[in-house]
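Okay, so subunit A shows up in both of these, paired with subunit B first and subunit C after.
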Partner chain A sequence: MKKFNRLIIRDIHIVVKGASDAGAALLFYLLAIIMFPLSSGTDATLLTSIAGGAIWVAALFSSLLSLDRLFRSDFEDGSLEQIVLSGISLETIVLSKCFAHWLTNGLPIVILSPILSLIIGLDFSYWWILGLSLLLGTPSLTLIGATPAALSCAIGKGGVLTALIILPLMLPVLILGSGAITAEISGLGGIGHIYALAAILPLSLLAVPFLASKALRLGWE
Partner chain B sequence: MTNIFNFLANPSRFRLFSQKAYPYTLLIMSIFISTGLWFSLFNSPPDYQQGETVRIMYVHVPAAWMAMMIYFFMTIMSIFALVWRHPLADILSKCSAPIGAGFTLVALVTGSIWGKPTWGTWWVWDARLTSVFILFLIYMGHITLVRAFEDEYKGARAGAILTLIGAFNLPIIKFSVDWWNTLHQPASVLKLGGPSIHIEMMVPLILMALGFLFFYFSILLINLQTELNIRKLKKLFIKKFSEKKSF
Partner chain C sequence: MDKNILIQAQDLFFERSGRIIFSSVNLSLDVGQIIFIKGKNGSGKTSLLRCLAGFSRITSGKILWYGAEILPAYYSEKLLISWLGHLDAIKGALTVKENLIFFAQIWSVNMDVFNESVTKLSFEKFMDFPASWLSAGEKRRLSLLRLSFCPAKIWILDEPSTFLDNENRDILIDIMNTHLKNGGAIVCATHDDLKIPNAVELILD
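Let's turn to the complex of A and B:
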């Protein structure tokens, strides 16, 4: 557990120093949200109906952008190999990397989203369902994207290919997350979607460390 | 059963087996498809509501079944490849992906053609349609990933890992029409409590499904032979090259 904490602190330290592009991904989240009112008009009723989806799409792309670098820099300069040699299992490293990614990308999005929902025209009384869906959804986004990110390290090139693989896998989370908000607004109640999101999170938490470390080992073969 | 697995685990032995089995799968496929087509086009009743358009079902439903079954098969093979490192499992998974993508596309296109006269629209964003579309995208991502590797062995293993991550979409597709109340009709053949479809429509449907299954087998065998030949050629080339250098 001590080692786990130290790994997370190390990753957060890298982000704070600006050596990773997690901060840029967060800025991208703000920019992507602004795109929606600018592209589809500032009509208040229209904005209210697309607000949940807009926030979710922005969160998904922000996560996607930063996920490409999840393992890459450590994989390329060999520090990931050194951490494994120090006796920490690769599965633990994958989990700590995902947790650090969520702390630097997912958590700020969850905190920022109720404020941003105001400028995009979502009624403030829906902040709890927006926050809850993002709180359960963003860790799943990170975890689902971790394996393709590890695979892109094994190929040696990333970019468009990683996005192409990750996006279809993330779509169910996007549908459920933004669906929760739309269902709540329409009066149907979005709690069913939240339950489904809450089911995806532990499932991916179980499968991902195993699969992502398989993918990283494939890169070392 | 384990003996068969072990016997066919040797790639060159499997290559011989597939060369022998290929004509038989073609033969069985043509028998099933021709009788199935005759039944479905001439010897089955039109639907009392949809009329003759119901005959699209005999292509649409088997293709959709195959799209899901092939992904299920790929998932099982990926588990075999990652856990027991079976030498053929990841190749089987890799060679199945393009066929599965093809069947998914057929299901989507025929469904769209069927949707226009019955639902009045080419496409709706309903749960079943959306999840099958996502399945198609996952197939395409899989194909792209596997071909991005220069080394075939690594590519096939990477494909196996990706297959397992995408596998959670499969139950969503199967049960989407039961969980959500959407435009696509719920399952009427593969469900608890027996099928609710009339026997005269059931027979051509099953025949076509079997035909599609053997079509898949024959294409899979050809794909496998190509893959094994490519690997063998590369090995021979490397061997020859290294022998030349030593002189």
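Let's turn to the complex of A and C:
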């Protein structure tokens, strides 16, 4: 556990020093959301109806942007080899990296979302469903993206290819997340979507550490 | 099998997509022993070391670590081996000190041992530099510094003397001798003639 915390602190330290894309990905999230009112006009009803989807799409792309480098830098400079020999299982390392990614990407997205919902014209009274859907959805986005990110290290290619693999996998989370907000606005109640999102998280939490470590090991063999 | 033997490898055979990288390799690494692995480029030195570290699985044969088939790269209870490969595992954005302290902490290294190593490689004045400022030779020395405080008994080194000048090569030999004297053991692939008494040579062809 002490080592687990140490790994997370290290990853956050590297983000703070600006050596990863985390800051840029967050800025991308802000800018992408601002694009929607600028491109779709100022019609308040139209904006309200697309607000949930817009915020979720922006969150998904922001997560996608920073996921490509989730393991790459440590894989390419040999840090991952050193850490895995230090008596820490690769599964634990994968989990710690996902957690650090969520703390630096997912959590800020959740915290910023009520403020951004105002920019895009979503009534402030819906902040709780927006926040809740993102709080449950963003960790799943990180976890789902981890295995393709690990695979991209193994084959030594990244960027667009990783995005192509990750995007379809993330669709269920996107549909449920934005669906929760749309359903709540239309009066149907979004809590059912939230339950489904809450079910995806533990499933990915269980499967991903094994899948991603398997993928990373492929790269070493 | 003798449990005191740190690494025992029998009849190793390794092939990669139909190409035989090395075959019928036997070695046995005991406490205080050093094995130099020599051979021309492409003779499979690095592949053999990666198998000994547990990163790659051999095609056939058997490797035992401490008398058991626990691949160090899969073993999550403690640090079994120290690995120095072609990659330096240094984060350019962090300072030299932050780079070193991270490993010292996950390896639970005593601070006295840590400081002693820093003095030995005269890195005191670099400690607050970002690691990206270091030259290739200095980065190699930083890797050696990390190696010298690593508490693992078995050291697996791949070309440790690249980028090093004569003075630092002597320091490397000194570090290796100290480790052997303290009950450690080393497997080292190299092209250089590192003079260490009682070294065993394994030649791959």
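Please note the rule applied: the second predicted complex is superposed on the first by the 221 of 221 C-alpha atoms of A that agree within 3 Å, B and C clash if a C-alpha of one lies under 4 Å from a C-alpha of the other, contacts with A are read in each partner's own complex, and residues count from 1 in each chain.
One rule holds for everything that comes next: contacts are C-beta pairs under 8 Å (C-beta built on N, C-alpha and C of every residue); 3 or more make two chains touch, one makes a residue touch a chain.
No experiment lies behind these values; they were computed from the predicted model shown.
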Partner chain in contact with A:35 - subunit B first, subunit C second, else both or neither
neither
Which partner does A:27 contact after superposing on A: first (subunit B), second (subunit C), both, neither?
neither
Could you tell me if A:118 is touching subunit B, subunit C, both of them or neither one (first, second, both, neither)?
neither
Just checking: does A:215 make contact with subunit B only, subunit C only, both, or neither of them? Give me first, second, both or neither.
first
Which partner does A:78 contact after superposing on A: first (subunit B), second (subunit C), both, neither?
second
Using the touch definition from the top, say if A:200 reaches subunit B (first), subunit C (second), both or neither.
first
For A:14, select first, second, both or neither according to whether it touches subunit B, subunit C, the two together, or no partner.
second
So in the superposed three-chain picture, is A:171 touching just subunit B, just subunit C, both, or none of them (first/second/both/neither)?
first
Identify the overlap between the subunit B-contacting and the subunit C-contacting residues of subunit A.
221
With touch defined as at the start, can you tell me which subunit C residues reach subunit A in the complex?
50, 53, 55-57, 72-83, 85-94, 98, 102-103, 105-107, 152
Tell me, which parts of subunit B touch subunit A in their complex?
82, 130-131, 134, 137-138, 140-142, 144-145, 148-149, 154, 157-158, 161-162, 164-166, 168-169, 172
Subunit A contacts subunit C in the complex at 3, 6-7, 10, 13-14, 17-19, 73, 76-79, 81-90, 92, 220-221
As the complex stands, subunit A meets subunit B at residues 144, 147-148, 151, 154-155, 157, 161, 164-165, 167-169, 171-172, 175, 200, 203-204, 207-208, 211, 214-215, 218, 221
